[in-house]
Structure formats: C-alpha cells, structure tokens
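Just passing along the structure, written as structure tokens.
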Amino acid sequence: MAKILMKGNEAIAEAAVKAGAQGYFCYPITPQSEVAEYMSRRMPELGRVFLQGESEVAVGNMLFGAASTGLRVFTTSSSPGISLMQEAISYMAGAQLPAVIVNIMRGGPGLGGILPAQSDYFQAVKGGGHGDYRLLVLAPSTVQEAVDLMMLSFHLADKYRNPVMMIGDGMIGQMMEAVEFPDEYKEDPLPPKDWDLTGAKGRSPRVVKSLFLDPVKLEDNSWLLHEKYERMKREEVRYELYKVSAKNKILIIAYGTMARICQTAIDELEQEGISVGLFRPISLFPFPEKEIKKEASKKNIQTVLTVEMSTAQMMEDVERAVLGAKPMAFFGHTGGIVPTP
Amino acid sequence: MLMTDAKRQFEVPSLSKRVLTIVGGYGSGKSEVSVNLARFLAETTNKPIAIADLDIVNPYFRSREATTRLEKLGIEAIVPRGGQFYADLPIILPEIKSAIEGYEGTLILDVGGDDAGARVLSSLADAFIPGEYEMLLVVNVNRPFTKDIPSSRQLISRIEDSSRLTFTGLISNSHMMEHTTTDTILQGVQVAEELSRATNLPLVFVSVTQDILEKIHPEQLQTPVLSLDRYLLKPWERKTNSNSSTG
Amino acid sequence: MANHSNTIFSRPEALYDTVTHYCPGCTHGVIHRLVAESLDELGVRERTVGVAPVGCSVLAYNYINCDFMEAAHGRAPALATGFKRMRPDMIVFTYQGDGDLASIGMGEIVHAANRGEKITVIFVNNAIYGMTGGQMAPTTLANQITTTSPNGRNVTDTGYPIRIAELLATLQTPGYIERVAVHTPQHIIHAKKVIRRAFKYQVENRCFSLIEVLSTCPTNWGYTPGEAIKWLEDNMRPYFPLGCFKTPDVKEVR
Amino acid sequence: MEQYEVMLAGFGGQGIMTAGQLIAYAGIKEDKQVAWIPSYGPEMRGGTAYCTVVLSDTRIGSPIVTNPRCICVFNRPSFDKFGPKVKPGGLFIVNSSLINVTSDRTDFIQLLVPANEMALKAGNGKAANIVILGAFIGASGVLKYETVRETLIEKLGKKKEYLDLNLQVLEEGYNLALETIGQKDRV
C-alpha cells in the first residue's frame, strides 16, 4: 500500500480498523477528538460499532462490557478522561479482559492545559487505578510507529488478556506524517479463548469478574496476574538506540516525541564534536531496565541524562535501572512547553 | 484452662438463660466478650454452646474470625461459610432464627455496634421468647458513647428502640487496649456500678484480661469476673499457628 | 420465601439448586426466580448475559444459571450497553438495587435508557442500602430511619425519594417501564408477567425496558418479615405507585 | 537534500493549515520524509495559527523547529512574532496585502507577495494561501512545480471552477517569486 499523509489521531483510528477492532467507544476531549470524528464515519461504513458515551466513566465501563464478548475493542482519550476511566481499567485488569486504551496526553495536574506533555507516565506505568495491577504501555515517537504499535497493542491485549495502553502527547495526535499500512495484517497465532461470554449453550455459565471474596482465592488471582506481568517483562521489552557508540560521553534516555527532539539535538552536538547517544524506551511497561543498565554501565558514559515533558517521572525508573552506577541528570519542560533542540 | 490461685478467689459469672444477646457501642469489645463467654460456658457447663455472629454493620474484627478456635472447644459457630464468610454483606443465616426460637443449649448472639448494629434484632424480634433471653450492654467507659451515665443511658434507650428488646443487665468491659492498667478496670467497674444503680440493671460481670487480673487483688473486685483470653488479635499480636481464622 | 415457593413450583433451569445468602424475608430470591423463569419460558437462557451490580445481589451469578459480568458500582448499564452493541443477538439484562442504579449509577441508567439500549433492567427498590448495612438510599422515604438518617430522612436536607420509573418515563426514547411489587402472591404473579414481557420485548429487538420492583429488607428496616410486608404496603406503595409508565406500543397501556 | 523546514503563520481561516498540508502531500509524492505539525489549542481561536512542515530525504528528528529555513507570514501579528525566527540565510515570505511593513533583517531573503490582491484579481480572495504556496515553491525550489500542481488537482479537484482559479494563482505566485528572486538565488 502506498504512503499517505495522516494526522496521528486519524492514523491511530485507521490502524485500529486494520487490526480488526470491532467496537470503539469514546467521549470527546482535546487533543484526540479526531479519532472519534474519524471513527464515527469509518466504523458504521464497515458495519462495526461506534458509540459516543455520556462520560469517560461510562465509556470505560462500556469497554468492559464490550470486551467481555471477546471481540476487539478500544477507546481513546486524553489525561483527565483517562483518569475517569481508571475504575473500569482496574476492573478490566482484574477480570483479565483485553482492550486497547490510547492516551493522547496533555499537561496536568487537574484540568492543566491541552498542549503536549508527558505528564501521565506514572499513571500509565504504575497501574493508575486502584489495586495491584499493571498495563502494558507503549509509547510511539512517530505517526508510523503509532500505527505499528496500535496494531501490536491489539495483539498483545489478546495475547496477555490484559488492557494495553498506548501513550502519546498532543504532538503525536496532531502531527501529520507519511504512513504506510500493511496490505494484509498478519499476526502470530493467539491462544484459544475460553473466557468470552457467548451464552451458556452446551457449557456451564462463565462469569467475567474481579471479585474474589475468599482472600485465598484473591491472593491466588493476584499472584497469577503477577506471573503474567513477569512474563511481559521477559518477553515484551522494546526500545531503540540512536547514535550509541563507544565515543558517547552522555547517554540520553527519552521516549515518544521527546526522543525525536533529542535526536536533532544529538545531531547538532555531533557537529560541535560532542558525542551523545540516545536510548529510547518504546515499552514503558515493561521498562527496559536491564538494557538501560547495560548501556549506562559502559565505561565511556559519564552521565545519564533523562529528558521528559514531565517533572522527572520516568527518571525514577531510569534511576532504578542504573542503580547508582552513573551520575544522573534531568532536563525537561512540562505544561505544554515543548523543549526544542 | 489453668487458673492461678489468685484468680480462683474471684467470683465467676452465673448465666442461666438460653439466649445471651451481647450488645453495645462500636468498639466496646462485644465480640471479644462474646467469644470468651462462649469459651467460659463451654468449659464450665455441660450444655451445648453456640455463637452466632450478627454483626452486619462492620466486616472487621468480627467474632467469626475466631471460628476455628471455638470449634476446637466444641462450640457451634453459626457463620456464613465459603467466600461469604468474608463478605461485606448483611447475611442473616436462616439457622439463626430457629436457634433463637429453640436452641437446646446456650446461644450467644454477638450483635453489631450501636443502635444501627442492634437493628437486626428487630427483624428477628418475634423469635425471642420473653424470659428466655438476656440482653447485656457492654460498657467501656473509655469509648465515647458510654463514657458516663447520661451517654450510656442514651445508648441504652436508642438500642432498645431499634432492637425492640429490653436490656436485662450490664457487662463492664472497660479497657484501653494495650494501655489498660488495673485503674482502667477499677474505674470502669465503678462507673458501671453507678449505671447499674441508675438503671436498675444488674452488673452481671466484669471482663478482664488475664495479665491485668493477676495484678488485681480479689478484694478490690466484688463483681463476678470473666477472664479474657484475647481471640481477636491484630496480626502483629498473633503468634505463629495460633488464632487461625479460615472459615 | 424461596423455600416456600419450592413446594409450589419446580425449579427453573435458569436457577441453580442452591441456598442463597439472602436474609429471611428478603425478596431478592423471589425476583431471581421470576427472572430465571422468564429466561426459561422464552428459551433464551443459553444466549443471555446478566450483569451483576454492587449491592446485596452482587453474587447473583451464583444463583441465576447463565453467563454473567460483574460491574463496578452503578455501571451495569454501561457494561450492558457495551456488550449488547457488540452482540445484538444476545439477551442482556442488568439486576440493580436502588443505591447502585439511582445514586452512583444515575448517569449510566438515564443515558442507557435515553439511547434506547435494547436491554432489560431489573431495578430492585427496597428504599435502603442493604449491603453496607442500612444507610440512606436515594429512594429512602421521607422520615424513614436509616443508619445515616438516624432521626429520619430530612427532605429539606436530602430531598425527596427519587421515583425512577416516573423519571425515566419522561424521556422520549425508552420503551417499556413498569413498577411492580413482590410482597404478596398476587403481586408476584403480576410481576412475573411484567418481567417476562420486558424480556420478550428484548427478544423481539424492540426497546429498552426497566422494571422497578418494590422489595423488602426486613434486616435493615428492622422489621420481622411479616411486618416488612405491611410496611411496604403502608409506606412504599403510596409513594411509589404500581403500574405501567411507558410501553413501546400505545395500545398496550392499561 | 538536507532537511528543509517551512512554517506558515496567519490567523484562522486564511487556509494556513491547508497550504501546509499541500506542501506535505507534495513531499510524499516526491518520496520525501514529511512531518506536518499544527499549532492547536487556544491559539487556534484568534491570535495566530501556524503550522510547520519538515521535508527531508532522511529520517526526521524533531518535528518542532525553533528556526525554520522558511517562514511565510499572512498577517501582521505573525510578522512580528515569527520574523525574528527565520534561520539566517533563509527565506521570509510576507503577504504584503495585509502587512505594510518590512523586516529590518538583512541576513535573509525577504519576498513581498501581495497575495490577497492577486487572489482577488483572479476571482477569489480566499485563494491567497495558494498564491503564497506558489511563491514558496518558486522561491525555494524544494519541491517541483509540477508535483505541487498535481497535488492541487488531487486534493482540491472536486470543484472545477475553484480548481482552475487555484491553479491560476499558484502559477502567478510561482512566477512572481521566480521573477523576483531568480532561479539561481533560490533558498
């Protein structure tokens, strides 16, 4: 298929369509409303489900109900809307339901502002809602990568029976870049479903739930989930290196569009004779801890610099990875002020 | 149970009614008293003893947590089983009503706190046979709702209204958890005796943990004493392999 | 009450053969049975999904023999919406109490009704929060004593009890809304017809339906089961009149 | 080709975003890497609206550019705000129909285009953005005139009459730039 120019939000929507999303539930919020607008035309055209709910609280729970059918479903929102969905996200994680949630982040806390920021890192990677759970979290840095990761998200959601969150800032949502969709979307085979609600015909009834009154059973469930998260840590770490070499004095850690801004800065520094490498985590949970540790521990690295559009949230994970092996530094802006190269 | 010489000189409670209903303010120690009363009666009488957890207001520190230990003493525990054992649900087992009507031995009802907790008795009111039950108020003068005579009298009337049953006696269970001293006990009994005179309700017994009881001279307490063995312990107070609470 | 009716009817297939956790005199058991019988009679048990609420009926899936989802507090209509939109061929019902539906879930029920989701809502109104121990509900009557209105519900502070059936019937969209009671055998027989009709409308893919069922809670009301029936009759019925408030077909209004 | 950045700025309704997108579409046609990024939010309503397009033969790093090679300003507030940001040696295209001042800077090429007048003369003042687009192609040479023309036909071809007008002013803008700057001085 030829390259076409698409806004990030439209590309995310179309990627979901290509990945076989059968249902999309939404509530308008800047800067991701284009997804809803795009889907309101695209889904009915395909005979699939589009529904604008009355609130993000309802939308999150509609997603729960829809995911219980075993069909692929997703929603998109932005920071305050994602907060309202945390109830349902926690329930979905507890009930082991697959679903994809996209957060086109803006500045917070509270109403904050609508300009690009990466202020929801903690919310995304540390659980976000109540209870003992994790989401798989992916962060694209280009519109093409948003397409690729969106498709991957649906696969991972089904593979792990877990909600997957893709986070991007307003730039990813609003930016237009050339993208290419695969002509035919193929993915690895998935385990057969034995939990979806299809009616108790010829089998005993199934219950999709996260309630376990007996503490022993609740603990069993929590350890089962924990084992799943550990498996993600073994199998789903994703990252990219840029100009990492033995000449580097500084190693930058940055994700999403922030990483691209760092790339340009690295290019400019190279002209000035300063060698800097970039480590870009693509999966934020699982976080590439071992890999960062390995790169940071190399003899030539003098400083590990974390760059974010938030007040050093990811840096805590970087610190955990580096474990004091190297001096740390941070640079960042938030609230919609986008750092420039 | 081993009894020290000192303890033997204390008078022990004498309770002959078929149904013993233990009521009181939140956190007055009703459940601990109920469980110990069940143990005491199981050890000192030949009658079958049953305890029913009627606390539907608060799912924490309920007498059902002592189920396993009570059952080892041959006491019948009427509590929900399986997952529902832990549920924050107002589960009134049908067996409770029939037990109130005609249990062969002694039935102890551990009721939830305050008039709110006692309301459940009202839905069972027609099962209680006048003259066959005791309703005892657990008084801890260190708790706000029974700190003095007026507040205690108020609680008595509120509970009587909501339960539609009449009190028959008092239990002095004044304590300050781990900060309890002999003075805590003695001052508590003093207030309870005053309340007894003001309400014409007999002070049936005073409950005291063994460690404190050892420090009290029998002459200091003219009231029957129920020695308390702590059943409802906080996790850090438990010793390994004791007080298992699985239902 | 469930035991009593066992001697009259045989157990529906859509009901498990088990003892419920409900208190003596509670009408949840009866309502479960009416739902189960309706599913059996319409032959849809094998393509039905129930949505359990947070409340005393949180464990409804232990009693009603079909696939189930368990919702967060108040969100059952949103789950039902999500499911039904994806699988319009399945029968979806929610089973909710007054705290769940009329308080924390007011937004979800109003909008599900207003969108005309083709689901069946069984709304059990007993004028009190049962599960959490008898606190004031949005349907608690004026002056009714609860653990959070110890001097009786003061309507100048807390407003008047909400009449859900009437409220939803003001919406243009929803199809079938009726209020019934289950405190006497005659009322149970009528409620059965109504609940069955609500499910039938869904089978016919016609409309949203909500059946409000006046129910008793002897434990938290502080009455014996017998007294509770009388209290419902004397206090709830005058404020919550029984009857049909909306049907999908004008001719059917009785 | 090394990376080329162009920013278009004006007020809402001047077709800023459309002109930027046309550049991006044409870039894809020529197999370039492209990134189009708008300003959005409060700035969109009133004040200035702007977008940036990055064109490159290699992977694009930051889509946010502090000092673009070319800036096209459509109104006075944009002139004031972005004039100082043009990269030294770059190109500053000024819609002289609405901006009656010129920049004091001497380290870049300043091209004055009476875009609104030219569009109005052709039949529709709204086509001023296409005049500027033509001027940008003529002055920069970063994209082939033919590619941009094809893109216009593809994207704005639905209304024949409107398309003809747009193609006309594209050419006029292009020619004006070429005449003013000359083929070899393109930036």
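Read from first to last, the chains carry the letters A, B, C and D; within each, the first residue is number 1.
The rule we apply is simple: a contact is a pair of C-beta atoms (placed from the backbone, for glycine too) under 8 Å apart; a residue touches a chain by one contact, two chains touch by 3 or more.
Keep in mind that what you see is a predicted model, and the values were worked out from it rather than measured.
Chain centroids computed from C-alpha atoms place A closest to the centre of all protein C-alpha atoms shown. Of all chain pairs in this entry, the one linked by the most C-beta contacts is A-C. With each centre defined as the average position of its C-alpha atoms, the distance from chain B to chain D rounds to 85 Å.
Measuring from the averaged C-alpha position of chain A to that of chain C gives a distance of 39 Å.
Put simply, the C-alpha centre of chain A and that of chain B have 55 angstrom between them.
Centroids built from CA atoms put chain D at 64 Å from chain C.
Multi-chain contact residues, meaning those touching two or more other chains, do not occur anywhere in chain D. Counting only residues that touch two or more partner chains, chain B has 84, 87.
Within chain C, residues 58 each touch two or more of the remaining chains. Inter-chain contacts, as defined above, occur between A-B, A-C, A-D, B-C.
Across the complex, chain A is touched by residues 21, 24-25, 27-28, 33-38, 40-42, 60-66 of chain D.
By the touch criterion given at the top, residues 21, 23-25, 56, 58-59, 130-134, 147, 150, 218-226, 228 of chain C touch chain B in their complex.
Of all residues in chain A, those touching chain C in their complex are 22-23, 25, 49, 51, 53-55, 57-69, 71, 73, 87-88, 91, 95, 197-202, 205-211.
Chain B meets chain A in the complex at residues 82-87, 246. Residues of chain C that touch chain A in their complex: 45-49, 51-52, 58, 61, 65-72, 75, 78-87, 90, 107-108, 110-111.
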